[in-house]
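Reviewing the structure listed below.
Chain IDs A, B, C, D and E follow the sequence of writing; residue 1 opens each chain.
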Amino acid sequence: MTEQPIDKANTDRVKQLSYRRAFMLVLKRDLTIAMRHKDDIINPLLFFVIIITLFPLGIGPEAQTLSRIAPGIIWVAALLATLLSLDRLFKSDHLDGSLEQMLLSPHPIFVLVLAKIFAHWLITGLPLILIAPLLAVLLHLDENSYTALLLTLLLGTPVLSLLGAVGVALTVGIKKGGVLLSLLVLPLYIPVLIFATSAIDTAALGLPYSGQLAIIAALFFGSLTLAPFAVGAAIKVSTN
Amino acid sequence: MTEQPIDKANTDRVKQLSYRRAFMLVLKRDLTIAMRHKDDIINPLLFFVIIITLFPLGIGPEAQTLSRIAPGIIWVAALLATLLSLDRLFKSDHLDGSLEQMLLSPHPIFVLVLAKIFAHWLITGLPLILIAPLLAVLLHLDENSYTALLLTLLLGTPVLSLLGAVGVALTVGIKKGGVLLSLLVLPLYIPVLIFATSAIDTAALGLPYSGQLAIIAALFFGSLTLAPFAVGAAIKVSTN
Amino acid sequence: MPKPTSTPLISAVKLTCIREERLLFDELSLDIHPGDIVQVEGPNGSGKTSLLRILSGLSQPYDGIVNFKNQKINRCREEFQQNLLYLGHLAGVKGEMTAEENLKFNLALHGSCDNNSSVIDSATKNEQNTLAYLAKVNLSGFEDSLASHLSAGQHRRIALSRLYQSNAPIWILDEPFTAIDKQGVASLEALFTGHAQRGGCVILTTHQDLISINPDQIKKITLDYSYA
Amino acid sequence: MPKPTSTPLISAVKLTCIREERLLFDELSLDIHPGDIVQVEGPNGSGKTSLLRILSGLSQPYDGIVNFKNQKINRCREEFQQNLLYLGHLAGVKGEMTAEENLKFNLALHGSCDNNSSVIDSATKNEQNTLAYLAKVNLSGFEDSLASHLSAGQHRRIALSRLYQSNAPIWILDEPFTAIDKQGVASLEALFTGHAQRGGCVILTTHQDLISINPDQIKKITLDYSYA
Amino acid sequence: MWKFLHPYANPETTYHFTNKLLPWLTALAALFLSIGLVWALLFAPADYQQGDSFRIFYVHVPAASLSMGIYVSMAIAALCSLVWQLKLADASAAAMAPVGAAFTAIALITGAAWGKPMWGTWWIWDARLTSELILLFLYLGVIALHNAFEDKNLAGKAAGILTLVGVINIPIIKYSVDWWNTLHQGSTVSKLGKPSMSLDMLWPFIFCFIGFALLAGVIICLRFRNEILARNSIRPWVRQLVEKQLA
């Protein structure tokens, strides 16, 4: 018995395990972990809700002021909620050696990474979008702006997850990278924030906001194609 | 040789190592670690700055709106910056077993805990206070309010560290306690937020705000005396 | 049946490793053939882990080359990784998942395939296999326990169970016996011998002596950087 | 010179430990006297760590009492902890501090005192001692390396160096030999014998055999909960 | 002085005690609630200003009061468990948390429903409303902490510490209407001696109030029994109980 049969088996097997299967595998795993800790889904959401309730407390209850700053608050809150949930993405996988093992698996790292990012969005981004209208009521958001709010969140939150992933990947090897992460990531988030709130404000005036929406869409597709590779490279550096 | 000489030495020694020395010991250690990672000091600060700059971006640049909401924004930012830096307090000590060792040391746990909390405040709270006036200028805070801002921060940020410590101590044994932490801690922070911003708003109107300040001071002394014990008990639970 | 004249599975050419201005090893060359069991020896801090990580492509050496079947591993990374099983000081086991879920994920991530080299597609068969592998590392009855609720040794056993299904010829194992009880160590040693006989190679570090493996069969590499 | 009739340093009365509805041990009673070296044995997952944590007061048993010199440890926690040295699976060593800083902190936290039982107050003497203790665990030359830059074994050695200065009579050590090389294991064993002779007691778990300690001197406690 | 409580530190005795208590409690709760609600919703006079929407009052105020009352009881239980190591106190606190959260939610929802006709908006950032919302968060935090620990005893201790630290919110909620000028009603029911409410509104209110309190008691009691069983699942008496049930 030489090494031949072993090798043969390997190449066969890998052809069958297509990208799609690797993607589904990691996605399912991450969702399982999140489901195990239902908190993982509920908590970013509650965090979002809590931040949004903090502002009226800090600023005061006047409906007019609140409705004026509502888009900004909702988006900043979404941004911070995403930010805080980011370390779930790679940190624990790095600490317990899983990330190392993923790097050593025969699948291209960007597929695995994309699956992890998608899972992250499903767990944190999606629930935010679902609850946002309710919070908009609490902040007396202008009625014309609801569609704009939802559309910007739908296109924008995936960008937050994608760009955030780059940040986490870069900082994951560093002890206590938590706050450094925010530093790296927040500047990347600013364009999304600006265009999204501008879209909502424009909508409140009853004007068309497709221009801003197009820019956010462009950011989305751009980061969707580039981020997984950047993340893959960053992870290789971090685990060295 | 029986156990006698060993015992004798122990009791002698412990009498000498007073609370104060235990406190200084842990304080020095935590500051050393923070100094080693200069990021630990710089990052919460930068995070504070970034949040505060996000709002003008999300809300728009009008000086009047900004100055109206400035106290709220500064305080919410201080609150979030503290929140994000909290996991430094016990998490890594728990993961590498140091916390266990502190529990087993002959010193009462509340002394050690108080030292850790004080170190945390020196590292995160103090720098915020120092930079706050600058940010207040950026947000066009009313000129009458500067003293009030500083006083509330000076009394309020230690409360944030103290109450936050309780939250971290409770969640430190839980995997991914990160966002659960925010859920536990933010409701406890809300009274500080309300009274602090109310003090600053009152000051802006030129009215006396000693009432609010007294309440914050009460919160400070209350948490200073109670939190270390709560934290000690919580740590015992978490390392069980 | 080791064949000394076959192409080496892994060969290192003049590896040099420097950590914090300490020279750990210099111009270290080695060839590892199918059938080899290589034990890297040396006191704490002599560079065993560093060497193993370099061989598996996780770290870059200061100088030198690592080849897989005479090809630089950087050139054929994907193929190399299909042929490699590396277990380090860290177990790579998720505390939030059960023992079974952990194993299943590991198998699937690295491509699971049964012994008669046909790819398993049916989920049920996979299921059975997972349980069988867990049984092999004495974890039957713990399938549904969260890994974080297992003892230190059981935790590592989850990671080690991958060895029982792996078809990768190259095993690089950094202190695989950590926290494992005696019976466990014995069955791992048997596994290594079997793997070598089937044409694989095992590179491992351990501070315990390998008891049940024929000493003649073990090649030793001693890193003798002595501290201070 | 063990004295079987002396008050036991630690005694456990009818300890019961249940983990996830598995009964690990039931009504376990034991007395540990000065001079005892107790090895807790059992396969992975049999409850050794759980027992040691209960004995040291870190976890609460489901049922039963742990006494220190015939007093419940919950009642005399402070005194008990002055007499206890516990090292668990985790080393309690901070990666961000150097070896020396780590050791110094550990000594100070647990109260450092030299062998002729006079309290050390002068910082310089303390300094010298720290270096001496580091030398004892073969870490000379690594004083100023960050602990995170040390190898697995060196990392644990920092924690173990506390044993060389400790005056606590009770040592509870959970797999102290993990990642330690052979020479290190031998000197630790010598240390244990010495400690027992000086009237201390050692409770430890390990999956390796204790080589250089006289087997008659070792009391074994076997946890035989068999899995599945 | 506390000697008489001693038998109830034993889970088994307590379990059997709740067995006896439950039917009475349930019957009383049903009685008070049916009388109170029928009286309040059908027969009590409509408010001269607010009309029939005033009837929300009969649900809103008991729910709001109970939300705070349950929290205080939870805190007392937590204190007992932490100071005297009473495992049963833990179990009772665990039983109370979700019930309290439910009443808080009811107070919020009925309040919001009442606010729409009265103040023209579902929600305002009024001090009392906000602090009630914070109370909800506190409850959720306690529940989340209970769920986050696998070991029920540890979970109880952890949640107990949080509960005690959170107690500071109760006076803030209670007195917020006095401290701040807010839209929300000040004390009307409880002004000592001289309630500023007509008696034919007060009586149905009292019945409703007691009814809801008893209802809370019933639910807490049921949950308490489950907690006891779950924490003692290894004990022989629980095993026997299960076997009896199965047989």
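Everything below uses one rule, namely that contacts are C-beta pairs under 8 Å (C-beta built on N, C-alpha and C of every residue); 3 or more make two chains touch, one makes a residue touch a chain.
Chain by chain, the UniProt names read as follows: A, B = Heme exporter protein B; C, D = Cytochrome c biogenesis heme-transporting ATPase CcmA; E = Heme exporter protein C.
Since the structure is predicted, the reported quantities are computational estimates derived from the model, not experimental observations.
In this assembly, D is the chain whose CA centroid lies farthest from the centroid of chain A (Heme exporter protein B).
Pairs B-D and B-E differ in how many C-beta pairs touch across them, and the larger number is found at B-D. Ranked by distance of CA centroids from chain E (Heme exporter protein C), the top chain is C. Centres computed as Cα averages put chain B (Heme exporter protein B) at a distance of 45 Å from chain C. Between the CA-based centres of chain A (Heme exporter protein B) and chain B (Heme exporter protein B) the separation comes to 28 Å, rounded to the whole angstrom. Inter-chain spacing, taken between the CA centroids of chain D and chain E (Heme exporter protein C), is 48 Å.
Shown for chain A (Heme exporter protein B) are the residues in touch with two or more other chains, namely 37, 39, 43, 46, 50, 57, 60, 92, 95, 175.
Contact of a single residue of chain C with at least two other chains is seen at positions 95-96, 146, 149.
Of all residues in chain E (Heme exporter protein C), those that touch two or more other chains are 130, 137, 140, 144, 148, 150.
Per the touch definition, chain C reaches chain D in the complex via residues 19-20, 42-49, 89, 138-142, 145, 149-154, 157, 175, 177-185, 207-208, 227-228.
Note for the complex: chain A (Heme exporter protein B) touches chain C at residues 1-14, 16-17, 22, 25-26, 29, 32-33, 36-37, 92-93, 95-98, 100-108, 239-240. The touching residues of chain E (Heme exporter protein C), when paired with chain D in their complex, are 150, 153, 233-234. Remark: chain E (Heme exporter protein C) residues 121-126, 130, 133, 137, 140, 144, 147-148 touch chain A (Heme exporter protein B) in the complex.
Chain E (Heme exporter protein C) makes touch with chain B (Heme exporter protein B) in their complex at residues 82, 127, 130, 134, 137-138, 140-141, 144-145, 148-149, 151, 154, 157-158, 161-162, 164-166, 168-169, 172.
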